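Each in structure tokens, the structures are laid out below.
After this come two complexes, each holding chain A, first together with chain B and then together with chain C.
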Partner chain A sequence: MNPPVQGLLEIGGAVRIFRTPEGSIVTALDEVDLAVRANEFLTLLGPSGCGKTTLLRAIAGFEDLDRGDIRLDGISLAGVPAYRRPFNTVFQSYALFPHLDVADNVGYGLDVKKLARRQRDARVTDALALVGLEGYGRRKPKQLSGGQQQRVALARALVNRPRLLLLDEPLSALDRNLRQAMQIELKNLQHEVGISFLVVTHDQEEALVMSDRIAVMNGGRIQQVGTPGEIYDTPANRFVAGFIGVSNVYAGTIDRRDGPHCIVRTDGGIDLWARSAAIAAGARLDVMIRPEQLQVVVERTALQGPSLEGTVERLVFVGADLQVHARLADGSPVKALVRHRRTPLAGLEPGSAVRLGYDPEVVHLMAQQP
Partner chain B sequence: MSRRSGRVLDAYGAVFLLLLYAPIALILVYSFNSNVVNMMAWEGFTLDWYRSIFGLTTRLSESQIYVHSTEALLAAVRHSAIVALCASTLSTAIGTATALGLARHDFRLKRVYQGLLVLPMVMPDIVLGIALLIFFVGAGFKLGLSTIVIGHCVFLSSYVFVIVSARLAGMNTELEEASADLGAGPWTTFRRVTLPQIMPGVAGGALLAFIISLDDLVITYFIAGVDSTTLPLFIYGMLRRGIKPEINAIAILLLVFSFVVAATGLWLRSRRQ
Partner chain C sequence: MTTLAGSRRLRLTALLTPVSLLLGTCFLVPLGIMAVYSFLTPGLYGGVEWSFYPYNYGRVLGAPLGDVEDFDPVYVEILLRSLRLAGIVVALSLVISYPAAFWVARFRGQRKSFVLFLVTLPFFASLIIRVYAWMLILRPTGFLNLVLESAGVIDAPLQIIFTEVSVVAGLVYILLPFMFLPIYASVEKLDPALVQASQDLGATPWQTFRRVVLPLTLPGVIGGSLIVFIPAFGNFVVPALLGGAKVMLVGNIIEQQFLAARNWPFGAALAMLILGTVLVLMLIYVLRIGRGGVAAGAQA
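Presenting the complex of A and B:
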């Protein structure tokens, strides 16, 4: 019995196991389930070696699954070779054909389909215009900059009007400024062409900027799928909390309940207030609070609500903000942010005692990972 | 480096090049020497040795020339050309296909396979020649141009395999994936992406195979039939009757031809890039 169709592309129970030349076994994909919806920008985010590229290659048809299934419109793609799948890929190295000029690179997919010459030329021209490369048709890939090559790779894939565009670390070869401009541009392009984009990246900032949804991967497993806001505010576990943005995470136990709140006692013996649904006292969990949600005041300043006591270790200037690295009473580290000002907060210096106020509403509780 | 050791190196280089090219330069000079008794003593300039090869009238007497029949010489040239063209074409196809298969697929005993493929290059020609002769006779082949072509393919395929393999090793396999990704089946991908990428290796291999086949003597000696004398066999036959200046003329013509082939190859390659 097939599960009901949820999206354009569905991956169910995907398993891929590699044997390294040294003989050890690596599980690149471990029971991966994921659905790509129509017309969405979905990012596969994870550290290198987490299986995200293997998943992308399995969808493209370059890699077979050991178990599990990939379905397009509910129909399995098992045994369908890469050249019969209605997907196109933007490769990390772009993989432009060096012996063909830009127009022939872009027209390659159309030539293979034996499209009539006039139609082919018109579509190539449109695709080059779409990526802002009008008039570059007769150049060889080698004569273009990295950013321009990237655009050619995009045009070459999009000109075929794929059901799904796969992008493998598309911006990793570009320098920082260009990368930031291209993040916005990619998102706009996706909106314009109305094709689902599935992007693989290890850059969390990139993922947050571009995506409609993010799937965070680690160790061959999907850790969490959600909108950038959901992933940032309510990470599913310690890994996701640490991988996206800066976070303070402590392992602890529910000590007692007090009305709508519960009090978590960390393993170091520090109490944290959080709002939570019914979780029984004694349950083990991880508790997280983001640095920007801690209000830093120097000792003895009055504060509404709960707070943590700490000693400042160092102050790190990060532009708009000043990052306060401190230690709690039990020695565990904590990071907080203070808006940068010309005249620094009096009494805020290494060694000084601080109080870190917080709102229990934003303290996030996470199940512990096995 | 001191000036002195620099001068020593210069001198060494000069002697090295002299030893390498002087014999060839001498042949060139001898081929135009009109002295019919002793070709090492310069007497005057003549084109007679070249004229004699092509059966043109010369002032030489019958006893002074060996090429009594220009037809026999031209037949040998024709045989060599047929053999070199067929053998280089076939071995280029075989060697390229083998290189592709080994570069793109993994299978058991792959290393053993690779080793066996280069073996014909290091095997002594005389061993290969005898082995091929025994095989052809045993299998009931009639020795002739076809056996020479088959015999040449045996070791020329190895040369092409090695050259094309080196080119494939430097090729980005993502290009082939990109081609498949854009909807091209395996044959289209080979024709439109792989082949253009490895063309310099394929052309270089074909050229080398052609030149090696053209001047192979030892192996050909064993597997040629009576009516399939190639140019190297013909020259070798002439030598057995003593060294006469016509040999020089033939050698120079061969040299010029080889240069033209190699230069054409290089020119085609540079034009493509």
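Presenting the complex of A and C:
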């Protein structure tokens, strides 16, 4: 009996090992399991060299797996060449054909399938309209700006109505403003066409803005799959917590339980209150709290609930917010955020003592990585 | 604005004048002399007499002194043979160089540099010596026949030297780098991502070749074909040494007319006809393949 189909595309136990020219062995994919659902925007997020691009290339058919399987609608794609897979890719370099004009670039996939001329032209026109490039059909790719070239690459892929659109660092070649505009536009486009997008990126902000779900990768393994909110609020481990957003993470041990809460003693000897999951005292774990969840007050101000004591090291102005870099009693660093402040609180200056209040409900406990 | 453009033009003129003078004196003037000589009367003991004489061209085309009764198309035959052999040489070096260029382009670093060095290595030795080496290889008691005989493949030595085969082999050998290098340059420039993009868009390997790889490497193919065809058409060293008296090409005839027969006007007329033929063929080739190839690539 087949397992229930939970996704459009399923990757099971994917392993890919490379031998570098120097002779060392790199495990690019290490037992990767991932399912892409129908009509979703899924992002593969990770630092460079984490295997995300290898995974994308394996799905596209440019890379073979050493072990494991990729299934579309439950049917294995092993041995199916790239040109027979119903996926299309937007390449990082766009890879537009320099000898063809924009319309012939977009129509390429339809031409090789020998679609009737009239149908082909209509679909090319629609695809160009979809990405806002009406009337650019007769231009050569070289005559377009980077952003326009990217739209052509998108149109060229989408015109084939793929089951899944693969995008390899699609926004990395654009400047910052254009990139931010395109993040929203890509997401809108995905909703409009109803095709699943699988995007590879190393930019966590991009992933948070665009994605329905994010798969965080590191060292050839999937670390966590979840919605942007889940990934941000309840990261699975220290790596995910550090890679997405700013976080304070401390290794510690459950010291004791107190009603609905438990107290974690960090390795530096500092106690943190957290909402207790069913974890036995003595268990090793990592504890995380985000900077914006720490309430900064100058010392001796009365606070309800638990707090941390620290010494301010420096104040960093980051636009709307003020970042407070401080050290706890044991010397471990802590970052806190004061929202909407252009000027520091009275008495908050490097060297001064601060109190950082927090709600135990938002302190997040994570299993330690091996 | 005008002064700026003016000074720019002045500088360009100053920079380009020496080159123009050099090309003019060393290239156009001799060509002009040839063109004039081809219409002069051959002198009795060599040299020219300065009177108009249109029959040099008549003789080339097989009707000396404008008399069709003496029609003897020996020179036209040699011209056609030269064209045919040059065409074969281009085709063979293309067939060898095109796949080889892809093969070499896949190498990395030192290995690639080494292979490219090997391609240019023959230029370090004299052309004549290299063609003589081919004589040693191809003659009846030569290396090739020796090996084939001792291997038992043949009983008697093959007559390869002084045939068209040996002339073509020699020409392909000396001209191969001129085909390989321009093709290699365009293959090297071909972005592998474009090949992947083509496959990604559903093109079979053959469609990818027809629509992406071939059109994008065509400039190298055209360039290589031209610079192989022209010397192959006019070469006289290789046919003289490897073709003997049996495979005579236009280059040999011209050489004979200038050196042995001392009929400079006739030699000049032959040379002008070759020049004209090459120019016309080049024009047709560049226009047909250059434009048609890309268009066909987009249509197939």
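Throughout what follows, the second predicted complex is superposed on the first by the 365 of 370 C-alpha atoms of A that agree within 3 Å, B and C clash if a C-alpha of one lies under 4 Å from a C-alpha of the other, contacts with A are read in each partner's own complex, and residues count from 1 in each chain.
Heads up, the rule we're going with is that a contact is a pair of C-beta atoms (placed from the backbone, for glycine too) under 8 Å apart; a residue touches a chain by one contact, two chains touch by 3 or more.
Being a predicted model, the structure only gives us computed values, none of them experimental.
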When chain B and chain C are modelled together on chain A, clash or fit: clash
Touched partner set for A:32, first chain B, second chain C, both or neither: neither
Which of chain B and chain C A:89 touches, first, second, both or neither: both
First, second, both or neither for A:58, with chain B first and chain C second: neither
Common ground on chain A, meaning residues reached by chain C in one complex and by chain B in the other: 60-62, 81-84, 87-89, 91, 93, 95-99, 108-109, 112-113, 156-157, 160
Touching residues (chain side chain A, partner chain B) in the complex: 60-62, 81-84, 87-89, 91, 93, 95-99, 108-109, 112-113, 156-157, 160
Contact footprint of chain C on chain A as seen in their complex: 21, 60-62, 81-84, 87-89, 91, 93, 95-100, 104, 108-109, 111-113, 156-157, 160
Contacting residues of chain B [partner chain A, same complex]: 172, 174-175, 177-185, 188-189, 192-193, 196-197
Residues of chain C defined as touching chain A within the complex: 108, 191, 193-194, 196-205, 207-208, 211-212, 215-216, 294, 297-298
